[in-house]
Amino acid sequence: MLQQLPALVVLLAVLLMAGTAYAVGRARARYGIKAPATSGHPDFERAFRVQMNTLEACMMFLPLLWLATHFGLGGWAGLAGLVWVFGRVWYALAYLKEASKREGGFALSALALVAVLLLAAFGTLRALLGG
Amino acid sequence: MLQQLPALVVLLAVLLMAGTAYAVGRARARYGIKAPATSGHPDFERAFRVQMNTLEACMMFLPLLWLATHFGLGGWAGLAGLVWVFGRVWYALAYLKEASKREGGFALSALALVAVLLLAAFGTLRALLGG
Amino acid sequence: MLQQLPALVVLLAVLLMAGTAYAVGRARARYGIKAPATSGHPDFERAFRVQMNTLEACMMFLPLLWLATHFGLGGWAGLAGLVWVFGRVWYALAYLKEASKREGGFALSALALVAVLLLAAFGTLRALLGG
(Lines give C-alpha, C1' and ligand atoms only; values in the text may rest on other atoms or scores of the structure.)
Protein backbone atom coordinates (compact mmCIF):
# COMPACT_ATOMS: atom_id res chain seq x y z
CA MET A 1 0.00 0.00 0.00
CA LEU A 2 2.91 2.38 0.74
CA GLN A 3 3.90 2.00 -2.91
CA GLN A 4 0.64 3.67 -3.95
CA LEU A 5 1.19 6.69 -1.72
CA PRO A 6 2.83 8.76 -4.51
CA ALA A 7 -0.34 8.44 -6.58
CA LEU A 8 -2.38 9.72 -3.64
CA VAL A 9 0.07 12.60 -3.20
CA VAL A 10 -0.29 13.54 -6.88
CA LEU A 11 -4.07 13.64 -6.46
CA LEU A 12 -3.74 15.84 -3.37
CA ALA A 13 -1.30 18.17 -5.17
CA VAL A 14 -3.76 18.60 -8.04
CA LEU A 15 -6.62 19.27 -5.61
CA LEU A 16 -4.41 21.86 -3.90
CA MET A 17 -3.78 23.59 -7.25
CA ALA A 18 -7.51 23.51 -7.96
CA GLY A 19 -8.18 25.01 -4.53
CA THR A 20 -5.75 27.89 -5.05
CA ALA A 21 -7.24 28.55 -8.51
CA TYR A 22 -10.69 28.61 -6.93
CA ALA A 23 -9.50 31.14 -4.31
CA VAL A 24 -8.29 33.42 -7.13
CA GLY A 25 -11.63 33.17 -8.92
CA ARG A 26 -13.52 33.96 -5.73
CA ALA A 27 -11.28 36.97 -4.97
CA ARG A 28 -11.71 38.12 -8.58
CA ALA A 29 -15.48 38.12 -8.11
CA ARG A 30 -15.48 39.61 -4.60
CA TYR A 31 -13.27 42.59 -5.47
CA GLY A 32 -14.59 43.04 -9.01
CA ILE A 33 -11.20 42.49 -10.64
CA LYS A 34 -11.95 41.64 -14.24
CA ALA A 35 -9.72 39.26 -16.20
CA PRO A 36 -7.06 39.65 -17.53
CA ALA A 37 -6.09 42.03 -14.66
CA THR A 38 -4.03 40.40 -11.90
CA SER A 39 -3.85 43.31 -9.48
CA GLY A 40 -6.19 45.79 -7.84
CA HIS A 41 -6.72 44.62 -4.26
CA PRO A 42 -4.22 43.21 -1.74
CA ASP A 43 -6.43 40.19 -0.94
CA PHE A 44 -6.68 39.32 -4.62
CA GLU A 45 -2.96 39.79 -5.13
CA ARG A 46 -2.13 37.45 -2.28
CA ALA A 47 -4.54 34.83 -3.62
CA PHE A 48 -2.96 35.15 -7.05
CA ARG A 49 0.55 34.83 -5.63
CA VAL A 50 -0.49 31.76 -3.63
CA GLN A 51 -1.74 30.15 -6.83
CA MET A 52 1.43 30.93 -8.76
CA ASN A 53 3.73 29.83 -5.91
CA THR A 54 1.78 26.60 -5.61
CA LEU A 55 2.22 26.05 -9.34
CA GLU A 56 5.97 26.65 -9.12
CA ALA A 57 6.25 24.33 -6.14
CA CYS A 58 4.30 21.54 -7.87
CA MET A 59 6.46 21.91 -10.95
CA MET A 60 9.55 21.13 -8.87
CA PHE A 61 7.97 18.57 -6.59
CA LEU A 62 6.03 16.32 -8.97
CA PRO A 63 8.92 15.39 -11.30
CA LEU A 64 11.07 14.53 -8.28
CA LEU A 65 8.28 12.42 -6.77
CA TRP A 66 7.98 10.63 -10.09
CA LEU A 67 11.73 10.00 -10.30
CA ALA A 68 12.03 8.69 -6.75
CA THR A 69 9.03 6.43 -7.33
CA HIS A 70 10.43 5.21 -10.66
CA PHE A 71 13.62 4.14 -8.89
CA GLY A 72 11.75 2.11 -6.27
CA LEU A 73 11.70 4.70 -3.50
CA GLY A 74 8.00 5.46 -3.75
CA GLY A 75 7.21 4.56 -0.15
CA TRP A 76 9.65 7.08 1.32
CA ALA A 77 8.90 9.66 -1.36
CA GLY A 78 5.18 9.23 -0.70
CA LEU A 79 5.62 9.83 3.02
CA ALA A 80 7.75 12.93 2.36
CA GLY A 81 5.09 13.91 -0.18
CA LEU A 82 2.35 13.87 2.43
CA VAL A 83 4.45 16.23 4.56
CA TRP A 84 5.00 18.41 1.48
CA VAL A 85 1.25 18.62 0.78
CA PHE A 86 0.56 19.45 4.43
CA GLY A 87 3.22 22.20 4.32
CA ARG A 88 1.82 23.64 1.08
CA VAL A 89 -1.76 23.68 2.42
CA TRP A 90 -0.55 25.40 5.59
CA TYR A 91 1.42 27.88 3.45
CA ALA A 92 -1.57 28.62 1.21
CA LEU A 93 -4.07 29.13 4.05
CA ALA A 94 -1.66 31.31 6.04
CA TYR A 95 -0.59 33.41 3.03
CA LEU A 96 -4.22 34.02 2.05
CA LYS A 97 -4.66 35.68 5.45
CA GLU A 98 -1.39 37.59 5.63
CA ALA A 99 1.84 37.51 3.58
CA SER A 100 4.09 37.46 6.64
CA LYS A 101 2.49 34.26 7.95
CA ARG A 102 3.63 32.12 5.04
CA GLU A 103 7.06 31.20 6.48
CA GLY A 104 6.16 28.10 8.52
CA GLY A 105 4.39 26.20 5.79
CA PHE A 106 7.01 27.25 3.28
CA ALA A 107 9.85 25.93 5.45
CA LEU A 108 8.13 22.62 6.11
CA SER A 109 7.36 22.03 2.44
CA ALA A 110 10.91 23.06 1.48
CA LEU A 111 12.31 20.44 3.88
CA ALA A 112 10.04 17.79 2.39
CA LEU A 113 11.05 18.89 -1.12
CA VAL A 114 14.72 18.46 -0.22
CA ALA A 115 13.96 14.97 1.11
CA VAL A 116 12.29 13.98 -2.16
CA LEU A 117 15.15 15.59 -4.10
CA LEU A 118 17.68 13.49 -2.18
CA LEU A 119 15.65 10.33 -2.80
CA ALA A 120 15.38 11.13 -6.52
CA ALA A 121 19.10 11.97 -6.76
CA PHE A 122 20.05 8.79 -4.91
CA GLY A 123 17.87 6.67 -7.19
CA THR A 124 19.21 8.37 -10.32
CA LEU A 125 22.86 8.05 -9.33
CA ARG A 126 22.40 4.41 -8.32
CA ALA A 127 20.86 3.70 -11.74
CA LEU A 128 23.52 5.72 -13.61
CA LEU A 129 26.28 3.77 -11.87
CA GLY A 130 24.49 0.51 -12.69
CA GLY A 131 23.72 -0.32 -9.06
CA MET B 1 -4.54 2.15 -30.30
CA LEU B 2 -6.81 3.74 -27.66
CA GLN B 3 -4.06 3.01 -25.14
CA GLN B 4 -1.74 5.39 -27.02
CA LEU B 5 -4.26 8.24 -26.95
CA PRO B 6 -2.80 9.77 -23.75
CA ALA B 7 0.57 10.17 -25.49
CA LEU B 8 -1.13 11.99 -28.36
CA VAL B 9 -2.97 14.19 -25.86
CA VAL B 10 0.33 15.09 -24.14
CA LEU B 11 1.77 16.12 -27.52
CA LEU B 12 -1.29 18.26 -28.27
CA ALA B 13 -1.11 19.86 -24.82
CA VAL B 14 2.54 20.81 -25.38
CA LEU B 15 1.74 22.22 -28.83
CA LEU B 16 -1.07 24.24 -27.23
CA MET B 17 1.39 25.67 -24.68
CA ALA B 18 3.81 26.48 -27.50
CA GLY B 19 1.01 28.20 -29.41
CA THR B 20 0.03 30.38 -26.45
CA ALA B 21 3.69 31.29 -25.87
CA TYR B 22 3.97 32.23 -29.55
CA ALA B 23 0.89 34.46 -29.25
CA VAL B 24 2.54 36.31 -26.35
CA GLY B 25 5.74 36.82 -28.34
CA ARG B 26 3.79 38.12 -31.32
CA ALA B 27 1.77 40.53 -29.14
CA ARG B 28 5.02 41.65 -27.48
CA ALA B 29 6.42 42.58 -30.90
CA ARG B 30 3.21 44.10 -32.27
CA TYR B 31 2.64 46.45 -29.32
CA GLY B 32 6.31 47.10 -28.59
CA ILE B 33 6.16 45.70 -25.07
CA LYS B 34 9.74 44.93 -24.15
CA ALA B 35 10.61 42.05 -21.80
CA PRO B 36 10.44 41.77 -18.84
CA ALA B 37 7.26 43.91 -18.89
CA THR B 38 4.01 41.92 -18.88
CA SER B 39 1.56 44.76 -19.26
CA GLY B 40 1.02 47.79 -21.47
CA HIS B 41 -1.74 46.88 -23.94
CA PRO B 42 -5.01 44.97 -23.36
CA ASP B 43 -4.35 42.60 -26.29
CA PHE B 44 -0.95 41.70 -24.91
CA GLU B 45 -2.34 41.27 -21.41
CA ARG B 46 -5.01 38.88 -22.63
CA ALA B 47 -2.44 36.87 -24.59
CA PHE B 48 -0.24 36.70 -21.51
CA ARG B 49 -3.13 35.60 -19.31
CA VAL B 50 -4.10 32.93 -21.85
CA GLN B 51 -0.56 31.56 -21.70
CA MET B 52 -0.47 31.50 -17.90
CA ASN B 53 -3.94 29.97 -17.60
CA THR B 54 -2.99 27.31 -20.11
CA LEU B 55 0.11 26.55 -18.05
CA GLU B 56 -1.95 26.24 -14.85
CA ALA B 57 -4.45 24.02 -16.59
CA CYS B 58 -1.75 21.72 -18.01
CA MET B 59 -0.14 21.47 -14.59
CA MET B 60 -3.36 20.05 -13.20
CA PHE B 61 -4.36 18.00 -16.20
CA LEU B 62 -1.14 16.21 -17.18
CA PRO B 63 -0.42 14.56 -13.80
CA LEU B 64 -4.01 13.29 -13.67
CA LEU B 65 -3.77 11.96 -17.22
CA TRP B 66 -0.56 10.19 -16.26
CA LEU B 67 -2.14 8.69 -13.12
CA ALA B 68 -5.24 7.44 -14.89
CA THR B 69 -3.09 5.93 -17.64
CA HIS B 70 -0.75 4.34 -15.11
CA PHE B 71 -3.72 2.59 -13.52
CA GLY B 72 -4.93 1.14 -16.83
CA LEU B 73 -7.57 3.73 -17.66
CA GLY B 74 -5.63 5.35 -20.50
CA GLY B 75 -8.31 4.78 -23.12
CA TRP B 76 -11.00 6.68 -21.23
CA ALA B 77 -8.53 9.28 -19.97
CA GLY B 78 -7.28 9.78 -23.53
CA LEU B 79 -10.80 10.37 -24.85
CA ALA B 80 -11.53 12.84 -22.03
CA GLY B 81 -8.12 14.36 -22.81
CA LEU B 82 -9.09 15.04 -26.41
CA VAL B 83 -12.17 16.89 -25.15
CA TRP B 84 -9.97 18.79 -22.69
CA VAL B 85 -7.57 19.86 -25.47
CA PHE B 86 -10.48 20.95 -27.64
CA GLY B 87 -11.92 22.97 -24.74
CA ARG B 88 -8.57 24.62 -24.03
CA VAL B 89 -8.00 25.55 -27.69
CA TRP B 90 -11.52 27.02 -27.82
CA TYR B 91 -10.83 28.89 -24.56
CA ALA B 92 -7.52 30.26 -25.84
CA LEU B 93 -8.82 31.43 -29.21
CA ALA B 94 -11.93 33.02 -27.66
CA TYR B 95 -10.02 34.72 -24.81
CA LEU B 96 -7.47 36.16 -27.26
CA LYS B 97 -10.37 37.98 -28.93
CA GLU B 98 -12.28 39.05 -25.83
CA ALA B 99 -12.04 38.14 -22.14
CA SER B 100 -15.78 37.63 -21.74
CA LYS B 101 -15.85 34.94 -24.44
CA ARG B 102 -13.67 32.51 -22.51
CA GLU B 103 -16.47 30.85 -20.54
CA GLY B 104 -17.52 28.13 -22.99
CA GLY B 105 -14.12 26.61 -23.58
CA PHE B 106 -13.31 26.93 -19.90
CA ALA B 107 -16.45 25.05 -18.87
CA LEU B 108 -15.88 22.26 -21.38
CA SER B 109 -12.24 21.77 -20.36
CA ALA B 110 -13.23 21.88 -16.68
CA LEU B 111 -15.74 19.09 -17.26
CA ALA B 112 -13.09 17.01 -19.03
CA LEU B 113 -10.64 17.72 -16.22
CA VAL B 114 -13.15 16.46 -13.66
CA ALA B 115 -13.61 13.30 -15.75
CA VAL B 116 -9.86 12.64 -15.76
CA LEU B 117 -9.71 13.45 -12.05
CA LEU B 118 -12.41 10.88 -11.33
CA LEU B 119 -10.58 8.28 -13.42
CA ALA B 120 -7.28 9.02 -11.65
CA ALA B 121 -8.95 8.93 -8.23
CA PHE B 122 -10.71 5.67 -9.04
CA GLY B 123 -7.47 4.07 -10.23
CA THR B 124 -5.57 5.31 -7.19
CA LEU B 125 -8.17 4.15 -4.67
CA ARG B 126 -8.46 0.75 -6.37
CA ALA B 127 -4.68 0.34 -6.12
CA LEU B 128 -4.55 1.62 -2.54
CA LEU B 129 -7.20 -0.89 -1.51
CA GLY B 130 -5.29 -3.64 -3.28
CA GLY B 131 -7.98 -4.20 -5.93
CA MET C 1 23.86 4.33 -18.84
CA LEU C 2 22.51 6.51 -21.68
CA GLN C 3 19.04 5.22 -20.76
CA GLN C 4 19.35 6.93 -17.36
CA LEU C 5 20.22 10.31 -18.87
CA PRO C 6 16.59 11.53 -18.86
CA ALA C 7 16.45 11.06 -15.08
CA LEU C 8 19.60 13.16 -14.72
CA VAL C 9 18.10 15.81 -17.00
CA VAL C 10 14.94 15.94 -14.85
CA LEU C 11 17.09 16.49 -11.75
CA LEU C 12 19.01 19.28 -13.49
CA ALA C 13 15.77 20.90 -14.67
CA VAL C 14 14.42 20.92 -11.10
CA LEU C 15 17.68 22.38 -9.78
CA LEU C 16 17.44 25.07 -12.48
CA MET C 17 13.91 25.94 -11.34
CA ALA C 18 15.13 26.06 -7.72
CA GLY C 19 17.98 28.34 -8.78
CA THR C 20 15.68 30.78 -10.56
CA ALA C 21 13.32 30.80 -7.54
CA TYR C 22 16.30 31.54 -5.30
CA ALA C 23 17.32 34.45 -7.55
CA VAL C 24 13.83 35.93 -7.16
CA GLY C 25 13.98 35.59 -3.37
CA ARG C 26 17.39 37.26 -3.28
CA ALA C 27 16.23 40.12 -5.51
CA ARG C 28 13.11 40.48 -3.34
CA ALA C 29 15.32 40.94 -0.27
CA ARG C 30 17.91 43.16 -1.97
CA TYR C 31 15.42 45.65 -3.37
CA GLY C 32 12.95 45.44 -0.48
CA ILE C 33 10.08 44.22 -2.64
CA LYS C 34 7.62 42.65 -0.24
CA ALA C 35 5.45 39.72 -1.31
CA PRO C 36 2.97 39.55 -2.95
CA ALA C 37 4.36 42.38 -5.14
CA THR C 38 6.08 41.23 -8.33
CA SER C 39 7.32 44.58 -9.58
CA GLY C 40 9.23 47.59 -8.26
CA HIS C 41 12.78 47.28 -9.61
CA PRO C 42 14.05 46.23 -13.07
CA ASP C 43 16.50 43.70 -11.62
CA PHE C 44 13.73 42.05 -9.62
CA GLU C 45 11.40 42.05 -12.60
CA ARG C 46 13.98 40.34 -14.79
CA ALA C 47 14.64 37.73 -12.10
CA PHE C 48 10.91 37.13 -11.78
CA ARG C 49 10.48 36.81 -15.55
CA VAL C 50 13.41 34.38 -15.72
CA GLN C 51 11.71 32.20 -13.11
CA MET C 52 8.36 32.24 -14.91
CA ASN C 53 9.91 31.60 -18.32
CA THR C 54 11.89 28.72 -16.88
CA LEU C 55 8.67 27.30 -15.45
CA GLU C 56 6.91 27.59 -18.81
CA ALA C 57 9.84 25.99 -20.57
CA CYS C 58 9.98 23.07 -18.12
CA MET C 59 6.26 22.54 -18.49
CA MET C 60 6.72 21.97 -22.22
CA PHE C 61 10.01 20.12 -22.04
CA LEU C 62 9.48 17.60 -19.25
CA PRO C 63 6.34 15.91 -20.65
CA LEU C 64 8.06 15.55 -24.03
CA LEU C 65 11.18 14.09 -22.40
CA TRP C 66 8.95 11.64 -20.54
CA LEU C 67 7.12 10.65 -23.74
CA ALA C 68 10.29 10.13 -25.77
CA THR C 69 11.78 8.07 -22.95
CA HIS C 70 8.60 6.04 -22.57
CA PHE C 71 8.80 5.09 -26.24
CA GLY C 72 12.40 3.86 -25.96
CA LEU C 73 14.14 7.01 -27.20
CA GLY C 74 15.54 8.03 -23.81
CA GLY C 75 19.17 8.05 -24.94
CA TRP C 76 18.63 10.59 -27.70
CA ALA C 77 16.10 12.55 -25.65
CA GLY C 78 18.56 12.63 -22.74
CA LEU C 79 21.35 14.02 -24.94
CA ALA C 80 19.02 16.66 -26.38
CA GLY C 81 17.90 17.31 -22.80
CA LEU C 82 21.45 18.10 -21.69
CA VAL C 83 21.67 20.67 -24.50
CA TRP C 84 18.29 22.04 -23.41
CA VAL C 85 19.44 22.43 -19.79
CA PHE C 86 22.64 24.13 -20.95
CA GLY C 87 20.62 26.52 -23.13
CA ARG C 88 18.23 27.33 -20.28
CA VAL C 89 21.07 27.98 -17.80
CA TRP C 90 22.74 30.25 -20.38
CA TYR C 91 19.39 32.00 -20.97
CA ALA C 92 18.77 32.50 -17.24
CA LEU C 93 22.23 33.85 -16.44
CA ALA C 94 22.23 36.19 -19.46
CA TYR C 95 18.68 37.46 -18.87
CA LEU C 96 19.45 38.17 -15.20
CA LYS C 97 22.14 40.58 -16.43
CA GLU C 98 20.24 42.16 -19.33
CA ALA C 99 16.99 41.34 -21.11
CA SER C 100 18.49 41.77 -24.58
CA LYS C 101 21.14 39.09 -23.91
CA ARG C 102 18.63 36.27 -23.56
CA GLU C 103 18.42 35.39 -27.27
CA GLY C 104 21.33 32.93 -27.56
CA GLY C 105 20.33 30.62 -24.74
CA PHE C 106 16.70 30.84 -25.78
CA ALA C 107 17.50 29.79 -29.35
CA LEU C 108 19.68 26.86 -28.27
CA SER C 109 17.09 25.55 -25.82
CA ALA C 110 14.32 26.01 -28.42
CA LEU C 111 16.30 23.88 -30.88
CA ALA C 112 16.77 21.19 -28.25
CA LEU C 113 13.07 21.37 -27.40
CA VAL C 114 12.16 20.82 -31.04
CA ALA C 115 14.50 17.81 -31.11
CA VAL C 116 12.76 16.26 -28.09
CA LEU C 117 9.38 17.13 -29.59
CA LEU C 118 10.29 15.29 -32.79
CA LEU C 119 11.49 12.27 -30.80
CA ALA C 120 8.29 12.25 -28.73
CA ALA C 121 6.10 12.67 -31.83
CA PHE C 122 7.98 9.90 -33.66
CA GLY C 123 7.58 7.55 -30.70
CA THR C 124 3.92 8.37 -30.30
CA LEU C 125 3.07 7.95 -33.99
CA ARG C 126 5.02 4.67 -34.16
CA ALA C 127 3.03 3.36 -31.18
CA LEU C 128 -0.29 4.67 -32.54
CA LEU C 129 0.32 2.93 -35.84
CA GLY C 130 1.21 -0.26 -33.98
CA GLY C 131 4.85 -0.26 -35.07
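Some points to look at:
For reference, chains read A, B and C in written order, and residue numbers begin at 1 within each chain.
Basically, a residue touches a chain if its C-beta (ideal position, glycine included) is under 8 Å from a C-beta of that chain, and two chains touch if they have at least 3 such contacts.
Keep in mind it's a predicted model, so treat the numbers as computed, not measured.
Relative orientation of subunit A and subunit B, expressed as the C-alpha superposition rotation angle, is 120° to the nearest 5. Looking at which positions face the partner, subunit A and subunit C present mostly different ones, since fewer than half of the interface numbers are shared. Chain centres here are Cα averages; for subunit A and subunit C they lie 19 Å apart.
Residues of subunit C in contact with two or more other chains: 55, 59. Remark: subunit A residues 1, 4, 7-8, 10-11, 13-14, 17-18, 21, 34-38, 51, 55, 58-59, 62 touch subunit B in the complex. Contact residues on subunit A toward subunit C in their complex (touch as defined above): 42, 45-46, 48-49, 55-56, 59-60, 63-64, 66-67, 70-71, 99, 102, 117, 120-121, 123-124, 127-128, 130.
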